[in-house]
Each structure stands twice: as C-alpha cells, then as structure tokens.
Amino acid sequence: MPAAEGTAPLAVILDQAGLDGLLTAIRAKGWRTIGPRVADDAVIYDEIETVADLPMGVGDEQKGGYYRLKARGDQALFGYTSGAQGWKRVLYPPRQKLFSAKRTASGFTIDPMAQPDAPLALIGVRACEMAAINVQAKVFGDKDFADPGYQGRLKGALIVAVECTRAGDTCFCDSMGTGPEVGTGYDIKLVEMVGKAGVTYVATAATDKGAKLLKAAKGKPAAEADLAAAAKAVKAAAKQSRKMETATSAKLKDVPEHARWDQVAARCMTCGNCTMVCPTCFCTTVEDVTDLKGDHAERWRKWDSCFTVDFSYIHGGAIRTEVRSRYRQWITHKLSTWHDQFGQAGCVGCGRCITWCPVGIDITEEVAAIHDSTKGRK
Amino acid sequence: MTAVPRDPMLPVLFRIEKVRRDLSDTFTMELVPEAGGEFSFKPGQFNMLYVFGVGEIPISISGDPGDRSVLVHTTRAVGAVSSALDSLKAGDQIGVRGPYGTAWPIESAYGQDVVFVAGGVGLAPLRPAIYHAMNNRERYGKVMVLYGARTPEDILFKKELERWRGRFDMDVLVTVDRATGKWSGNVGVVTNLVARGGFDPLHTTAFVCGPEVMMRYGASALEKKGVARDTIWISMERNMKCGVGLCGHCQWGSHFVCKDGPVFRYDSVADLFQVREL
Amino acid sequence: MVKPDDLGKIIDEHPFFQGIDDTLRALLVGCAANERYEAGQFLFREGQEAAKFYLVRAGTVAVEIDVPGKQPIVIETIGEGEVAGWSWIVEPYRSTFDARAIGLVRAISFDGKCLRKKMAADPALGYEVLRRFVPMMAHRLSSARLQMLDLYGPSAKPEKVKKAKVKAAGKTKGTNRSPAARLAKAAKKSKKDS
C-alpha cells in the first residue's frame, strides 16, 4: 500500500551486523526470538539468539517428495525458500496442556493452565506464512469461542517478515493470492539483497513497535534506489512453476463422487504428513493422562490429522474408512469448504504438502486433473 | 487491559444430585453447578461432560428448559467415557462445558402442528422441545410424538410417554421393531407411524432425532406425506473433541456439527446425506 | 345388514380407495362386505387360500409368523386406515402370514376371486386397483428392510483383534513376567494365607 505523503514508513538499510543489532534490540525488550536455523538437514524455526544462529549460505531444493539443503556459495541468511514447518509449531504447539485436575475428598478440582511464556518474536516470516498466520487467526478467532492461547501468543508477538526473492519448485502462492509479496500483519519487513559488496537488508517498519526497534538498530536511511531495487528483487519470486486452479478448487465440494478420488487414493498412504506440515491445518484431539494412583489427571490437546481412521470415529465405527474419503475431506476442506467456514481458502500455496508427501502427491495437480475433467461444464 | 477470555476448553464443576436408570444401558443424571447458580439452555443443545481422568463426550440435554435449577442428561453407555459416567453416583462430580450448538426452533412452530419423530435414545435430545410444547400447549395445533424403539424393553422414558399419552391434547404413538413378551402395541418401523399421518402436512413443523439412517428415512416419510423440507429439522452426530469449532473433528461438508448444528434444517443438509463417508 | 350404498360411502372414506371414480367404486362394492373380528380371531392364516383383503376401519391387526415352541413373532401391525392382505392378487393366491385381530377389528373385506374377475374384464378397474396396491407393497418392503437393520440395537463393536488367551500359568516360559500370571499367583497365595 503506498504511504501517504509525509508519513512514509520508516525504511533503513542494515548490514548483517545491523541485523544482529536488531535481534539484540528485540531480545532486550523481552521477546523470545524464534527464527530459522539448520537442524537435522533441514531449516527449522526454533530459538535463535544472534545472526550466527541463522542458516548462512544455505539454500534448499524442494520438489514432490524431495527436500535437500544445498550450499549457495554466498552469505545469504534467508536464502532458503521456506522452512520444513511453518509458525504453527510456536503459535499453536503440537502438545498443549489444557488443564490439570486433582482428586479431592469431595470430588476434584480443576487448575487452569499457567500464564503464557514470554512473548514471541517471529524472525523470517514469509508471505505464505504470514497469510497462514492470518488464516489461523480467523480459525481460532470465533466470536463466541476464540482460542485464548493462539490469540494471546499472536497478539503479543512481534513479526519480522522476509520477502522471497525466488520461488521454490513447490511454491504456488502467486495463484493463491497470498504472495509472493508479504501481506498485512507484520511489524518489520526485510528484503535480503545479496550483492557483490555483501549482503544488506532493506528493512521497513509497518507498526510503531517495529519502527522503534528499527531506530534502535541504527541503520542508514534507505534511498529511493534501494527501495526500487528491493521491489524488483521481490518480483522475481512470482516466477512459479506450479499454479492452483482456484475457480475449480473452490468448487471441490460439488464433486464428492469424482473418479479422481479413487485415483489419488491408490497413491496416498494416509500418513498425515501433509496435515502436519500444513501451516493452516488446525485439527486437534485431546488426551487424558492420570498418574498411577489416579489422583492427578491432565488433559492435553495434540495436533491430529483427518487422515487417521480414528479421526471420524463415533460409537460403532468410523465415518471415513476409505482412503478416498479421507483425502477428499482434507483437500475439499482446505480449498473449498474453508470458504464457507471462514470466507477464504485454507491453502496459502506454501507447497509443503507436496514437498513432504512421501509419494509426492501434488495438491495443484489433483485439482488440475479435476479441472480438466470438468472443463466446459457449467 | 481487558481480562483474558476464558478458555472454552475449561470445564465447570457440577455435582450429581440424582441418577436414574432408564434402560439396561441408559441412565439419566440430574446435575447442579457446584458453585451454585442456574443453568439455562435451549432445547436440542448439548454439553461436553468430563469424567475425571477418563475424558470428555458430547451429550445432549434432556431436561425441561423451563427449569433452570437442574441440568439433566440422558446417556447411553457405549464407550469408555459414557461407561465411566455410568459408574458415577449421586454426590460425585463431573466437569461440564456448554451449552453448545444450535437448538430445535420450537418457537418457530407456533400456530402449527408439531410432530416429534424419535428413534431409540434419540428421544432424549427431543424431550426438552416436547416439554416446551407442553408448557406452551395453547400455542400449537396438534402435538404428536411418534416414537420407535427396538423392543418394548428399550422404550425410553416409558412412564412419561404413558403420562403424555393420557393427555387429551397430545398424540403419542409408540412402535417397536421387534415385539417381545406381552406387547400388544404397534410393531414396525417409526416411519410407518409417519405414514399414518394425523397432522396437517402443510402446517406442520417436524423434529426428527435418532440414528442417521432413521432420520434420513423419517424425513423422507414426512416429505412423502407432504411436509415441506424447510419445516423438517434433524439433529446430527459426529465425533467431537471440543464442541466449539476448534478441533475440526465434527466437520460434515461445510458444517461444523458442533456449532452450525447439531440441529439442522433438513433442506440445508439433504444433499450431504446422500454422500457416503462425508 | 349394511346396504351397498353405505358400503360405497365407507369405501370412499377409507384412505386406500379415496377419490376413486364412481363407476369403478360401484364395481368394488359388488365384491365388498362389512366384517368384524373379535380380539384373537384370525383374518387370514398362512398357507390358506387368500380369499380376501381388508380395509381396516378400526382396531389393529397383527401380521405374524407362528414359531413352534415360542410365541408367534409379530412382524408388523396394521392399523386404522391401512390394508391387510395382498396375497389375493399374487398367484397362487395363498396367504404368506397369519393376520390376527389384536382388539376388536372392523374392516371392509373384498372377495379376491370376485375382484380379480372384474379386473380382468375391466382393465381400467384393474389398473386402478393395482395402482393403489403397488405403492402399499413397496412401502411394506422398504419398512421391512429398515426393520431388518436393527437401527437402535447396541452398536456393533469396533473390529478388534481378539486377544490371545493367556496361557495357563506354569506352562509358559515367561510365567513371572506375565501380569495375569502374577495376579493369579498372588490370588492363590492370599487364599492360602487366609
């Protein structure tokens, strides 16, 4: 959005030392900094302290059922496309204690969860990931029954977004309308410029707290030329090899008996990887645990996947016993019924479900197959 | 700063005042909030009931919506939590979250004939609506309860049904799938009772509750009699872990059964009934 | 004695032939009779000639199967406004079930032979009668199918792998490690102690 005359957003140029200064300033204000780092041959989002923790010179190669890190031969800190998992791990952790309960002489008592931890600073949020955070904010933001955990963590969070300057092979944010440019919701946005003279960052603040932190980082003001170069770099990420047929995908709920469901069911192993890496999948189950004496009980909320048979169990049996119905449920919900529920698609085009599918099932390809078969039909 | 909103996943403690055995596997509990106060709900809504250390299940409320002093639940013991609930007695505590979900639009039927079609334990979620109709009897045309049970021994709320049948302003027809003992009443499925009519189809609102198959055939029997789809209501059942639209389990097409349902207008879901494993 | 005029009126009032053409109704009346059955009396018996069918005007008829050594099984009950008997229209015209009056039953009966003859002679009557019988038979069939499902029965247990029976303690190698065996041993011991 162009800023009004005279109130141009604060934009500065930082080198990597300046970026480190920004991290220090953020941590000094009490935020827990979570950002990309390399672990187990993948880029993950985890606790970081300094720029030294970031994946310097690390790129990645992603395609259907394939993920490999590779050296870029430069000093880029954000040279990968997207981490193995999104920010849902920190904003809506895989295991959350709901409450604990203790048996008493007259029954039992319920102790709600302790107060939340230190607020989070999310460093390196991509366009698709920013979109996913906003999608989940809607899911957990029901007017009557919002999830206070997610809302609280998001409200307290500082978001430092990073623009993509290249798209991965599994990316399709452009067709989903969620990228490649970062949308709303961030406090600071970085564009990493890798040049002969080294790596610099065009940093823009979108909120007051972002501006304050940028000032503390002491960068030099960005010139018109810097901003223009950054904008141009971002455009390059729009070159994407995959594309979602969104008109067809939004109507998947109308084709529950399509032959393609059997076709994909023959390949799908119902492992649930796609639901675990998906940054918007929000389904959970609950687990009750007790100590051996049975005097102390806890309820835990855990991520769940609609690909398990148990997911739809009602007394007597499960509703979705066949693979075709479980895959259909996942993709139809993600792309089609999500519109009815939350006014938008549940997919942000990050491509993780393609990368992490052990058999390389491609969500865009499945929709394209249905698109082709229904073309010309009204 | 406003206070942090209460976590919808946190139960409130209730004490069991009374337990009554309805059938060999079905029982009714009367509960009062441990902290005092009242409990109000709309007919058709449900609560999540938590048994210490065992888990939580959605159970619809079966009491009189006009009586806020006590919360009544009728449960059939079919799984781990419902069986654990079955083992509790008066004086024990359970956790309650709710009331959740949509209600039978019983007030929208004012001035009309109202037909309750129930199958098996499906009579329990309809009972609050039947109470409402009886408490406001003058506002309705005919009031009919058509109930199908497995055998005469499986008839839920038998004494109450007999009492209702004794009223001059209410028609209560009961049928069983299988006659046993000295049963001299109707034998056959509950849709047969619908087929016999006795209501004015053009001015009838029908509330149908029972196993999904029974609701499907019950609704189509009503349609055959001339009752319009948009005046037929059903109550769905799906796996629920949260009851408030956060866990994703109960999705049925675009609907979260927990918050968009459990009560649906038949015309809005008739197509979904036709899709297998949805 | 009910006069034919009255019979026509009664036929007209019963839902089954409601709205039938006057001339066709007059043909029906010629085969009809007013009947009354006391509680326990049979309207027809399995295996016997299906001489008639009945429009039930009042009371309830149980359609049942006799089971030697047991109470007869009631398959369905037919009430006011419904029809009992369709075997008169299906060769070899023998009843397939028993039909017993549960209480006092009043009905209009129709002589099968008489009506079949008239239907053969007058296809318009034949069509009209069949047009009303076929949906009734379809309804009975689908009801019977639903009834077969045992919809309200205890839900089928989820398929579980049956646990292998714990072998008798002492005969297995891992006696001490088996919790069942340990419990059994403890129980034995406590019995001895007491």
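By letter and in written order, the chains are A, B and C; residue numbering begins at 1 in each of them.
We take it that contacts are C-beta pairs under 8 Å (C-beta built on N, C-alpha and C of every residue); 3 or more make two chains touch, one makes a residue touch a chain.
In this text, all values refer to a predicted model and were calculated from it rather than measured experimentally.
Among the chains in view, B has its Cα centre nearest the centre of the complete protein Cα set. Contact count check for B-C and A-B (C-beta pairs in contact): higher for A-B.
As a whole-number value, the distance joining the C-alpha centres of chain A and chain C reads 60 Å. Chain centres here are Cα means. That of chain B falls 29 Å from that of chain C. Chain geometry summary: the mean Cα position of chain A and that of chain B are 40 Å apart. Each of residues 155 in chain C touches at least two other chains. Residue positions of chain B touching 2 or more other chains, listed in rising order: 78. Shared interface positions of chain A, i.e. residues touching 2 or more other chains, are given as 313, 315-316.
Of all residues in chain A, those touching chain B in their complex are 98-99, 101, 103, 106-110, 112-113, 139-140, 142, 144-149, 151-152, 253, 256-257, 282-286, 288, 290, 294, 297, 299, 301, 304, 306, 311-316, 319-322, 324-325, 329, 333, 337, 340-341. Against chain B, in their complex, chain C makes its touches with residues 60, 62, 73-77, 79, 81-82, 102-103, 139, 142-143, 146-147, 149-155. By the touch rule above, chain B contacts chain C in their complex via residues 25, 78, 119-121, 148-150, 154, 175, 177-179, 183-189, 191-192, 195-196, 210-211, 213-214, 217.
Against chain A, in their complex, chain B makes its touches with residues 4-11, 13, 15, 34, 50, 52-56, 78-79, 92-93, 95, 237-239, 241-242, 244-249, 251, 253-254, 256, 259, 275-278.
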